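Quick heads-up: structures coming right below.
Common to both upcoming complexes is chain A, partnered first by chain B, then by chain C.
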Partner chain A sequence: MRAAFVIAAKDLRQRARDRSAWLLGFVAPVAIAGLISFAFGGTETFHTDVAVVDQDHGVLAQAFTGFLNSPELAAVLTVSPVADPADARARVDRGDFGAAIVIPAGFSAAAHGGPVHPLTVVTTVDSQLAGQVTRSVAGSFTAQLDADRLAVATAIAAGAPPDGLAARAAALRLPEQVVRTPSGTRTITGVGYYGPAMGMFFTFFAIGFTARGYFLEQRDGTLDRIAVAPVGPLAVLAGKSLATFAYSAASLGTVSLITSLVFGADWGPPAAVAVLVAAVALSVVCLTAFVIAVSRTERQADELSAILAFGLVLLGGNFVFLGAAPEFLRVLALGTPNGWALRAFTDLAGGAGGTAVVVPVLAILAFCAVLTTIAGLLHRRAVRR
Partner chain B sequence: MTQQAPPEARTTTAGVLAVAGLRKRFGDRVAVDDVSFAVAAGETYGLLGPNGAGKTTTIRLVCGLLRADAGHVEVSGTSVSPVSTAGRGLIGYVPQDVALYPDLTARENLAFFGRLYRLRGRLLKTRVDEVLELVGLADRAKEKVESFSGGMRRRLNIGAGLLHRPTLLVLDEPTVGVDPQSRHAIMESVRRFGADGMAVLYTTHDMTEAERLCDRVGIIDRGRLVAEGTRRELVARLGERDRITLAATGDLAAFAALCQDLPGIDGADVTGSEVHLIGHDGRKLLPALLGAAERAGAVVRSAEVTEPDLEAVFLHLTGTALRD
Partner chain C sequence: MTVLAIAAASLKRMLRDRVATFFMVLLPLVVILVIGATAGGPAVPRVGVVAAPGPLAADLVRTLGGTEGMRTSTFDREQDARDALRRGEVEAVLLIPAGFDTLLASDGSAELPLLTAAPTGNAQSAWQAVSAGVARHAAAVQAAGFAATTAGGTLSARLPLARTLETTLPRVTVRSEPVDGTGSSLPAGFGSSAPTMLVLFVFVNSLAAGAALVQTRKLGIHTRVLAAPVPARTIVLGESLCYLGLALLQSALIITAGALLFGVSWGDPLAAAVLTVVWAIVGTGAGMFGGTLFRTQEQASALGPTIGVAFGMLGGCMWPLEIVPDAVRALGHLTPHAWAVDAWTALLARGGGLAGILPMLGVLAGFAVLLLTAASLRLNRSLTT
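Entry: the complex of A and B
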């Protein structure tokens, strides 16, 4: 075991002198997480300006405008009246407003059996999120209105006296509402998601470093020189694994620390984060062993490492927020160690307790066991040859 | 540098390396076929053969880097194999290529390999200093190996095999691609190791090196050890004779005819202004040859005696030149 530490210390010393190791392991993930933090800054407190063109001036139009100006929506919308629909469209195009709502003439009369005059929501491709939110707000008002009308009509058809029905119907609200809450209690920020995502992405570069280093040592004869020394047959493997583990854990740990201290990211309970970081580092070790077992040359190792690293981060959701991804992508992510880790990091950042990492860590360990078994079988076959 | 006795005058004592019936096959190709030899303490044993003869495979089997299909390797009575660390601490291995870390300094390289041989603390530092001094790199100890010349790297490469003071030093063609000055330094070092009582196993395809350095030589070809012994023994076994070339003026045909009749001369031939003779112990024949020249009315201007060498022995045993 002592020889393994000697080999690990040597590997780490070499890596410490390699500028690219510093750049990829520490500088790049922090820098990119920081950039993303700035780019996504404030998305958790979404707000937009909305123009309202009231061509109806009826009771319902006033009720709708009152709804838009209600305290519940004040944090999301700032409503400004605009006289002309063309002017409203032009100002949306210019970016003065995120979206505009046109209340057509006859909108109130339609509720009393007149012809239908639907609300129009003016949006632009430059403010898609604002458009979606505005459409959603307008839709919820009209859905409530339709529900009230249906309730009154049903009551009258059943023989209820019409007196007081309007007031009662006005007090009604849609009986079912979907409320989406994260598993925790906090909002996940951009850096809260992309900090661990980018940290893991760059940690995967350690696979290439180590595998390439192994084949370089094999080519240069230093592995033979170590093998002639009185060290156990697993000393080289253990030494290189230790070095890779230490480098990966240090890289991800540093990203965690710096994004917390500098960018205000909240990664969650430190102990749980440490367990996850260790699990990710272990998966890097196992992926490296797999690459070395499968490859025959330095070039093959390089190529396979790159394919694995990019494949895993694409599937695992390190580049795309998985919550907004299609279902099949979310399922695919669970076939990757980083997908599981990212899920756990997100839960922790969202305020979940430390136990949230148990299942992801077990899944990562299972992934490692499978990889190690394959690497071991391939290695034994190579030795027999 | 201490003066050394000629290789053949050196004495050998206890056996250090014993190789018996070693065999290794790679697929259909037999790389090493029933190779047996022994190296005693203080002895330098040369494995001489062309590229691809099986020298490096033999070395790798001796060092426990390969598993033998058959046969046995022992160093000081301890079995050596890839599955056991026993015996490996007795071996100092110097691979053919420079097996060092270019991004580490000379001292860091030596310290790393020293630690693998369980050297620690003050002892490690002392040994590293000794080796740096021995290979002439004490003043470059803190420089990275990548800044060293080829010769300096070679010397450090040898030094890394000496840190733990091995009983058996195994050098696999350590002078390949080395400038003459470094080559000389390496060969002097190897001589010194033998004189210090270390058993040295040295592979080369350079006949001159083998002749200058090795107490005994094993000639290996196509995986088989075809002959072994001291240089003199190998040459004597073949019954090789000296070649004597005399540059002379006068009646060279008469001179050659007189030479032909001298005892110990087996053949004579005239080419231009030279008389070529074949005989036993050419140096002792020179006075008689000069007398024959006088009788024939010829004047000898120069004489050259060429003793049979390992190249000739190798050619005789294998039917191919050493550098083929």
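Entry: the complex of A and C
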């Protein structure tokens, strides 16, 4: 056992002397996560300025502008009256407003059974979300208006006297009410998602370092000299695995610590995060063993580890926000250990309890078991040759 | 002639590298596919609906499914919907209470909790769209109740009349009016991922190819060439030509695959060609400068992609610079990437031509001259001292 620790310590010392290892394992992921935090700081809460052109000046237009200025929409919209539709269009085009609403003349007549005139939402392709939100707000008001108009029309058709019906209908409360309720989940921020994603991406570079180091030691005769000493092959394997595990865990752990302390990322319960970090580090060890078992030369190991690392992070969702991805990409991600880890990191950052890591960790362990078995079989076949 | 021979020899050596082929051919295409598929969906909020038993509940699910301004997906279990919300797969979750039908039938009112994680634009939009859908669904029930109150009868007796009138009564609509057909963002989906990844990968692969220059130096190839009657400037020119060839090959591949596989329209052909060549020269300068700056291949492999990805993030290759704060946008324009993305945006989003991108081309040419001069001087010095 002591031999394994000595080998691991030697490997880690070598790694510590390599500036590339520091750069890839510690500096690059923190820098990229910092960039993301810097880029998206303050853009996660939505608010837009909307111009309202009232060409109706009737009771319904007043009710609508009152709705737009209601306290429940205050956090979303800031409404400014504009007299001229052309001016509103020009100001939306210039970017002064995210969108504009034009209330047409005769709009209020709809409340009393008169002809209906559509509301116009002026949008720009540069503020698509503002246009979308404004359309939805206007749609919500017209849906309520239509419901009231239907109530009046049904009552009249049923034989009710029409006098005062519109006023009574306006006071109605729909029998189905949407009540906004806190979900208990936290918002996944840019750094909250890409912190672990980039941390894992750069941790996967350790596969190439270690595999290349193994073949270099083989070429230089270092492995042969160790083999002459009273050290079994298992101790060598354990030592090298331990070094890779320690480097990977330290790398991802550092990213977690720095993004939490400096950029305010919330990774979730520390114990669960630590278990996940360990599982990811273990998967790096198994992937490295697989690369060494499959490769015959330093160059092959280099090539395979690069392709494996980039393939896994692409499939696992480390480059894109998986929540926005189509279903097939989300399913594909679960074929990778980093995809499972990212799902668990997202769950923890979103406010899930520590138990959320159980299934992902089991999936990562299963991935490791399969990979280790394949690596073992390949290694045995190579030894027999 | 000697220049061409040096360029061809270096290019051949680079293209024989299987990892380089992977990074040049497969990786950009997969990244374009993944990012294009993720960012290509319509910009409407996604709402999870937890269904409940009963015909009225089923009818509400159908109504919400047909409501404009949102996409719904149905969940059988509340926990699954909450998980989807936490992972950002939906922006809001509407819970239809278990006794929905009974509630409506008894006292005629039901509260529907809408869970949202954060006040993002999509969550706000989802809230309004859901409110509109629920109001449309509740309209007939409200109308029947109102008719029963004002004209006599029962809610259930008046419901068929309300349902009939609902289909004939004209609705107050909301119509959109875009102020212009062009914008300052690239088109969604592959129209955005292909040009931005062209910018990213030409630069990253040129920087990574700096490792080949380090290797050439290490193997003493330049020293042997200099032993022949070949001046140092010929080697500098030959190496520059090799890097330019590599960058142009990479660009041609992405442009062809983008057009054929992903249906990307690259805009005005002349302007697109000039922009591609100028960007390839920027990549050439960056790759050669990196090759003269990095001391080891490991340094080139570690620093090259990291710097390339960081510049890509700052320069708007990973997300549009329109969504980041002004300071970040200004910082991004210190990189050549932002100017290249701006030029592609002018071509693809605004249908511009060569004249429209001249300012960007001027800045990019400045970057190219700066990088190429610095790289040539450094390479020339290393060859002659």
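A few comments on the model shown:
The rule is short, and it goes like this: the second predicted complex is superposed on the first by the 326 of 385 C-alpha atoms of A that agree within 3 Å, B and C clash if a C-alpha of one lies under 4 Å from a C-alpha of the other, contacts with A are read in each partner's own complex, and residues count from 1 in each chain.
Going forward, contacts are C-beta pairs under 8 Å (C-beta built on N, C-alpha and C of every residue); 3 or more make two chains touch, one makes a residue touch a chain.
As the structure is a prediction and not an experimental result, all values here were calculated from the model.
With both structures placed on the common chain, the touch criterion links A:Val125 to chain C but leaves chain B unconnected. When both complexes are overlaid on chain A, the residue A:Phe38 reaches chain C alone and has no touch with chain B. Residue contacts after overlaying the shared chain place A:Ala157 against chain C, while chain B stays out of touching range. Of the two partner chains placed by superposition, only chain B is touched by A:Asp220; chain C is not.
When the two complexes are overlaid on their common chain A, residue A:Pro233 makes contact with chain B while staying clear of chain C.
When the two complexes are overlaid, the chain among chain B and chain C that reaches more residues of chain A is C.
After overlaying the two complexes on the shared chain, residue contacts for A:Val6 are found with chain B alone; chain C is out of touch.
Within chain A, the residues touching chain B in one complex and chain C in the other are 18. Residues 18-19, 22-23, 27, 30-31, 34-35, 37-39, 41, 43-45, 60, 68-70, 82-83, 85-89, 93-94, 104, 108-148, 150-153, 158, 161-162, 165-166, 169-185, 296, 298-299, 301-303, 306, 309-310, 313-314, 319, 322-325, 328, 349 of chain C touch chain A in their complex.
Per the touch definition, chain A reaches chain B in the complex via residues 2-3, 6-7, 10, 13-14, 17-18, 220-222, 224-233. Chain contact summary for the complex, chain B toward chain A: residues 60, 63-65, 82-83, 85-86, 88-89, 91, 93, 95-101, 103-104, 108, 112-113, 115-118, 160.
Contact residues of chain A toward chain C in the complex are 18-20, 23-24, 28, 31-32, 35-36, 38-46, 48, 75-76, 89-90, 92-93, 110, 116-126, 128-133, 135-140, 142-147, 149-155, 157-161, 165, 168-169, 172-188, 205, 302-303, 306-307, 310, 314, 319-326, 329-330, 343, 346-347, 350-352.
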